Amino acid sequence: MWAFLHKLGSPKGFYAISGRWLPALWGVAVALILVGGVWGLVFAPADYQQGNSFRIIYVHVPAAFLAQSIFVAMAVAGLVFMVWKIKLADMAAAMMAPLGAGMTFVALFSGAVWGVPTWGTWWQWDARLTSMLILLFLYIGVIALRGAFVSRDGGARAASLLAMVGVINIPIIKFSVEWWYTLHQPASFSITEKPAMPAEMWLPLLSMVLGFYAFFLAVTLTRTRSEILRRESSKRWVRALVEERR
Amino acid sequence: MSLRLQARRLACERDDRWLFHDLDLEIRAGEILRVEGPNGSGKTTLLKILAGQPMEHAGEVLWNGTPLRRSRSDFLANLLYLGHAPGVKAALTPLENLAWYQALAGEPGDEASRLGALERIGLAGFEDLPAAQLSAGQQRRVALARLELTPRLLWVLDEPFTAIDRQGVAALEARLEAHAERGGGVLVTTHHELRASSGLRRLTLGEGGGGVER
Amino acid sequence: MAFDSLSAFLSMGGHAPYVWSAYGATAALLLGVGWHARAERRRVRRDLARRMRRERRQAEAADASTDEGPTR
Amino acid sequence: MSSDEPAGGLSLAWRATLRRDLVLRLRRPGEVLNPLAFFALVITLFPLGLSPSASLLATIAPGLLWVAALLAALLSLDGMFRDDAEDGSLEQLLLSPQPLPALAMAKVAAHWLLTGLPLALMAPLLGVMLSLPAGSYGVLALSLALGSASLSLIGAIGAALTVGVPRGGVLLSLLVLPLYIPVLIFGVGAVQAAAQGDGVAAHLAILGALLAAGLTLAPFAIAAALRIGLNG
């Protein structure tokens, strides 16, 4: 077990092991997203209250889940990088940040679009959407801070610390925004808080959520592998690898 | 009081470029170690690592046989580091600057000792002027007055001769030698040729590549 | 099957612009990110191979070892 | 050359650092007065941009005062560590035998004493100009005093991270403003509650809790950020 983890922590070992998992992971991601998407769009029943606009849930919720999970993953990777000096963790954190920002944007966009048929407006200062907007700013901050450093190692450590500070603050921000929202819009209809859904409604949602997570893993692994080749380009094993593939 | 600073297999990598690696060195009481090398060879970085600053590096620094991270407070209490920038606040007078440095080390200090240190370094009459009104060389002297004021075993000095006039250079050189003779240790980078003395040793960093000294 | 016909499916009960734009944005992100990850991988490998070819030529020409790192 | 610091070493260093930072700011009075002038100026813009109607201004006054004070406090944040980094004294602070989190707190305290506190004291005056309902002036000053201490703490993390970034001012705002939101929400909430005659204890308690959390966690984050920011 420890030997395996140790191997996984070194770029070379990680490159070899992740290479074995990747094709299957991509396959699972694509399959789950296709199944969930078609099921949600075509077969799941329309909501009795919202009609077909309810189907936006199948992209909004997975994107929102990922938006938050990726930030947490980034902070955990940052912690691993800072405490154990594992550069691989930082490579992964750097590679997942733009995807997290993209997911946050999609969650915001789909939420706003969903607002038109439900609330009759493109933007509502709803607690969830507002928190999501703040999360987007946090992502932009982490990405911008990393880019602002001349030294890559310095940028890596700064971004790691900021991600950790951010992750401690996210629950506080969510709590305060929810408190603020109930103060100003008492008991309004919130889009994603549904009473018990029938199975044919939530099963496709589950498929989409799992598919999004698999997609996130697959993209992060693929990009981290590229980053390994970039950063370790003078190492002998990378050279040998490129030779052999020619 | 013992003085032994060792570095074992020290390596520093900056964005995939080795500034230096497999570097071993040792400073003992009575020694002046001059680190030389072209710009960008990692002199400042080496000094910062050896002064316990938070720079990423591989290898180990030992203070009196104990790794630095475990002997840090004892090490810092015996260290006087003067960096590239003199660390002198332009809006404060030389006296106020020195008072802060004394307090920072946990020493109450007294005005008479600060005045004495400033006089010996050649700043008599400038004690109460804001440092902004002093020349670059005089500001450097304010920082160097800390050598007089705070008795520390190990001096780590990054280009201490910058902007100092000829008399000042000679006096500072004599001060370094005297410190070594009294059982202190000096680690210094300089482009100025130090005159030969019994304790003087040199360490040359190689051609590390085209990086810019930070 | 929640729809009777293809046109009913496409119109989404009058909510077509909202549903399809939300799905479109998501699909664009997923496809864009997936494509970018693959393209990046190809580009990195190609650049690396090119750099190694260039270095080998230089090494042959200069017949000097390009050992990295300073010595002391 | 004793290796054991005297017991009073830290408190001596702490007080000296606080005094030094206060003296430095007071020697350049502009640094203290400019945020106050900025605060007053921004508040002046709102009646001009919206309407001079006292009833409208009174309803939005808590939010306006808080947002303007928050932005004014942000102005002076960039210089908190940058000046020291440029002249080399920050390097010396990091090499002091005293614990860095404690010394960083001295600098934060100096920043709050000459930025957050004056803003809090000045806010009631501007509240009059916005027809803030009577009875909420004390809460306005108190909430700003409490809240701005949290802002100084959070802001110091950002200022330390960007200390090595040239022209990092805009980046600093980008990093710090999202983290300011909880303080803003509860600070405004307190003033609004006071203006409506409701109890403010809960709001002030949450502001106090945020400050307590900041006081326990931020010093270590600031110290880590300084180590990262200074040596890139």
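We just call them A, B, C and D in the order they show up, numbering each chain from 1.
Just so it is clear, a contact is a pair of C-beta atoms (placed from the backbone, for glycine too) under 8 Å apart; a residue touches a chain by one contact, two chains touch by 3 or more.
Every value quoted in this text rests on a predicted model; they were computed, and no experiment measured them.
Going by the average position of its CA atoms, which chain sits the greatest distance from chain C?
Farthest by centroid: B.
Taking contacts as defined above, which has more of them, A-B or A-C?
When the contacts at A-B and A-C are counted, A-C has more.
Could you put a whole-Å number on the gap between the CA centroids of chain B and chain C?
Those two chain centres are 50 Å apart.
Could you grab the centroid distance between chain A and chain C? Build each centroid from C-alpha atoms only and quote it in angstrom.
For chain A versus chain C, the centre distance works out to 17 Å.
What is the distance, in whole Å, between the centres of chain A and chain D, each centre taken as the mean of its C-alpha atoms?
33
Quick one: which residues in chain D touch 2 or more of the other chains?
228, 231-232
Considering chain C alone, which of its residues make contact with at least two other chains?
Expected reply: 68.
If we count contacts the way the header does, which residues on chain B are in touch with chain D in the complex?
1, 48, 51-55, 73-74, 76-79, 81, 83-92, 96, 99-101, 103-108, 130, 151-153, 214
Spell out the residues on chain D that touch chain B in their complex, using ranges where they run on.
1-3, 5-6, 8-10, 12-13, 15-17, 20, 23-24, 27-28, 86-89, 91-98, 103, 227-228, 230-232
Please name which positions on chain D make contact with chain A in the complex.
157, 161-162, 164-165, 168, 171, 174-175, 177-179, 181-182, 185-186, 189, 210, 213, 217, 221, 224-225, 228-229, 231-232
Which bits of chain A are touching chain C when the two form their complex?
33, 37, 41-46, 51-53, 55-56, 59-60, 63, 99, 102-103, 105-106, 109-110, 113-114, 116-117, 215, 219, 222-223, 225-226, 229-230, 233-234, 238-239, 242-243, 245-246
Where on chain B does chain A make contact in their complex?
Against chain A, chain B makes touches at 14-16, 56.
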